[in-house]
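A quick write-up on the structure given underneath.
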């Protein structure tokens, strides 16, 4: 259960949003909507604990995330605009290293399966720098299939993906949510996901 | 007739036809290298008399000078092949340049190493900042730069072209560097031994050096050809003719 | 501890993949050292006198050159964000990165320095002191440098700003490091300098990872 | 013939350390380099063969 | 010609915006120069002797430090692609960038060098020669450096590789530059050195933009 | 009239496409479609003359673009994955400098208008680094409203844009095409543009 009360965010002299409340529980997903520059990315970063809110507080299972710290981070998977994908490494290495950073060991077989699921069969050993825009995003998303986390925070996960990949990702999210996970995401595209809560950011 | 020759030339300029040709040439060059080494080493150690100034220590000259000559010569050849590859877009010549670089670097290193091991007994110092030594050192850096640049580029074609530009810029610069270093040095130079004033060499020594130089030369060709064969295979790994090679099929 | 090892292994893998990176820090060191005789002239006595200073300044510059890439690539591609969000404490991960940095840039310098020392006609004893001093000093450089790298992360013109911040902090390492060798050459013992260097290192080991972590958090906000 | 005994040959008139130091490294590099070059070719050939094998497996 | 001016103005604007960049190249120069007395010790006679060499090596390193950022930002954000696609010939645009680089890094060094020279107790004549030599030499450094920057564009570990490629090519500039000052100090005329430096500059002006352009095209393919 | 005959493109050992022909005339626009990694970006870069084709040739008004060189580049506007937008400069400065690079002078009024049209009113003097993902793309796209070029080659111009911006951009493209311009673009999203030719890349 992720809740936030009276969040506000200020950038420069601009107040992006104020008095924003939200609550997302297990089995729910939240679609954060808003125009370009409304403050969606800023909100997600606050929710992930990456940047502080001007006012308000974020709670996980009723405790402020600042207090939980590591306890919160263990439950969280955040994927931002940037890939966290190393261009010099292969998709396989990227996935394995990301898992090590999360403190979990990832078997090669599992990693290969996750990559194959995202249509990267045959590209496992090619440096990421050679991949197309969409393939780079797919490497990043393969982490979703591999990492066990309750709360997914995804900033524009559908960018650069082709139709097939969009479907696959939606499937993954639905699966996650029906298994009691929580997902918070932004997207300007229409997304083929049922029963989402919607949160509008900005005026 | 002349038309035929051009066609032949182009035929051998393709990696596919050069690969087996190189394979057949390599043993010959090894053979020549072996012969020259045996004769050269024999002269170096058993025919050439003891130097009345430097004692037996001077025998280092029989590898030092050939290595130094080869390091300079190989750079020229390498730049030539690289430039040809850039101008005419012939893949083989770029591969040739790439294959020569490590050998050239090793020769440059050997000239530095043997020079240092000669300098210690003769001058009492492993190294002095003499013009010739310094420019040999810079030549070594140029080789390393060339190799590092090509290693840093994944795309073979881009590596070839970038390497070619560097090699050509280097060729323009090598004489400039050489003369600048020489001038820098002679303006300040104090007491260190001057190589050019060494007593005129005995003819046996000259012969020994020349034959050893030939041996180094043949050796360089043989290694470069071996390496170029590996490079051809790496670059053409996906082509049909490589898949059809007997070595691969067996 | 596992996380530290994972980070070190990862950074070493990346360094190997970028092959050139390790070798070229080394070659930078060699080349900078060789530039000085070209600028100053070939007199052996003069060169021997300034050798410790030159070797240390070059080591310092070579370390500094790689610093900009200590956190920047991880910052640019979002890996640093993921490190902040990882379960393991950021301080540990940062320590791992610093150790990897030293292994790829500091250690090679230590190993190569004697060869360059020979070019400046230093004797065996002086070479030994040089190696010991560098062995104590280069980790210090990496540790201090990491703070600077974290502070300038993502700033415009960061690379140059970084050197501005870090070089003054390097001064003590330089003075004691070069001083140790000079003291040995001029017949005074190098012990005092070396133990000061060791003390600085101990201080930095405790202090620098903490400061770096704090700076990284600020850079990411 | 310059040398009275093998020992004299190896001593090189007192310069043995330097003469053999340079000839030794020279010989070492000239042995290692061709081996490395050959190894490079062997490696690529091996991977080519493996690939070929995988292909035949795929088609079966 | 218009295009060249536009590029120069643009790069100067960017440099001003990143303020720190200009200043820090300068500060790097100052700091490196000041490190040597710390590493070598305070003997005036010794320092005066090595001053031209140290000033030149420092100028060379300061120039080199900024080189990595000559094309890299434009490459990363796609501006370089747009430059290739612009109607004006790429060679002209590249020349503009090199000029802007010199104005932001070389020129400040030239202006500052006399001040640092005074610290090393150089006399007025020597200072004059130093300025003239730097005035001829720093554009040469920018021109040669541009080739290296273009060759290493977008490569892994490019920054360090760049220095490996460029420093050996800088040797003649260093020798004649530092040599001019030394020749003056030791009573020989500096004329020969300076005219060689000018000849090298002329060569580079014709040759370097061409090689740089070719290298850039290759990097972008 | 842009034509290409028997284009093929090889990356690594992979042949992305081969024997690809295309012809787009004035008043037409072409939608290049294909999966992630099919080779769309590679194709557009070849068409723009940024990278050479393995085989085949690209012609503009019947002449090879290699021969035309500058003559071709004057007619061309290429916007790729990367923004060519400087983070340290403001949107206004970015637009002005881009115009100078194109060899045309841009009046401040015209630039401001173009930015306003793309919803950047009030952000003209804010450094681009502070803008949101979508706003950064808008700065880039404002060039479309400013630069006179016959041939537009746009790689994924709709990424990161919100609904309003997508409409606006489509409107701009329609306007360009109906005025006799040519547009070639890729997009994984459905795009609200009428009568496009479609080119499928990849198998």
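A, B, C, D, E and F label the chains in the order they appear, each numbered from 1.
One rule holds in what follows: contacts are C-beta pairs under 8 Å (C-beta built on N, C-alpha and C of every residue); 3 or more make two chains touch, one makes a residue touch a chain.
For clarity, every value in this text was computed on a predicted model and none was experimentally measured.
Undergrad: Please report the minimal path length, in steps, between chain C and chain D on the chain touch graph.
TA: Minimum number of steps from chain C to chain D: 2.
Undergrad: Suppose you list every residue number at the chain A-chain F interface; are over half of them used by both chains (same) or under half (different)?
TA: Since more than half of the residue numbers are used by both chains, the interface counts as same.
Undergrad: What's the chain with its C-alpha centre farthest out from chain F?
TA: Here the answer is chain D, farthest from chain F.
Undergrad: Could you please state the distance in Å, as a whole number, between where the Cα atoms of chain B are centred and where those of chain C are centred?
TA: 35
Undergrad: Starting from the mean Cα coordinates of chain B and chain D, work out the distance between those two points in Å.
TA: Here the centre of chain D sits 17 Å away from the centre of chain B.
Undergrad: Quick one: report the Å distance separating chain A from chain F, using the average Cα coordinate of each chain.
TA: Those two chain centres are 29 Å apart.
Undergrad: Quick one: which residues in chain B touch 2 or more of the other chains?
TA: Within chain B, the residues that touch at least two other chains are 141, 144, 148, 152, 181, 184, 188, 237.
Undergrad: So which bits of chain C are touching at least two other chains?
TA: 17-20, 24, 27, 31, 38, 41, 156, in rising order.
Undergrad: Listing for chain A: what residues touch at least two other chains?
TA: Residues 81, 88, 130.
Undergrad: Name, in rising order, each residue of chain F that touches chain E in their complex.
TA: 48-52, 70, 73-74, 76, 78, 80-89, 93, 97-98, 100-103
Undergrad: Give the list of chain E residues in touch with chain F in this complex.
TA: 2-3, 6-7, 9-10, 13-14, 17-18, 73, 76-79, 81-89, 93, 220-221
Undergrad: Across the complex, what residues on chain C touch chain B?
TA: Chain C residues touching chain B: 18-20, 23-24, 27, 30-31, 34, 37-38, 41-44, 47, 118-119, 121.
Undergrad: In their shared complex, at which residues does chain B touch chain E?
TA: 138, 141-142, 144-145, 148-149, 152-153, 157-158, 161-162, 165-166, 168-170, 172-173, 176-177, 180-181, 183-184, 187-188
Undergrad: Mind pulling up the chain B residues that touch chain D in the complex?
TA: Chain B reaches chain D through residues 45-46, 48-50, 55-57, 59-60, 63-64, 67, 102-103, 106, 109-110, 113-114, 117-118, 120-121, 219, 222-223, 226-227, 229-230, 233-234, 237, 242-243, 247-250.
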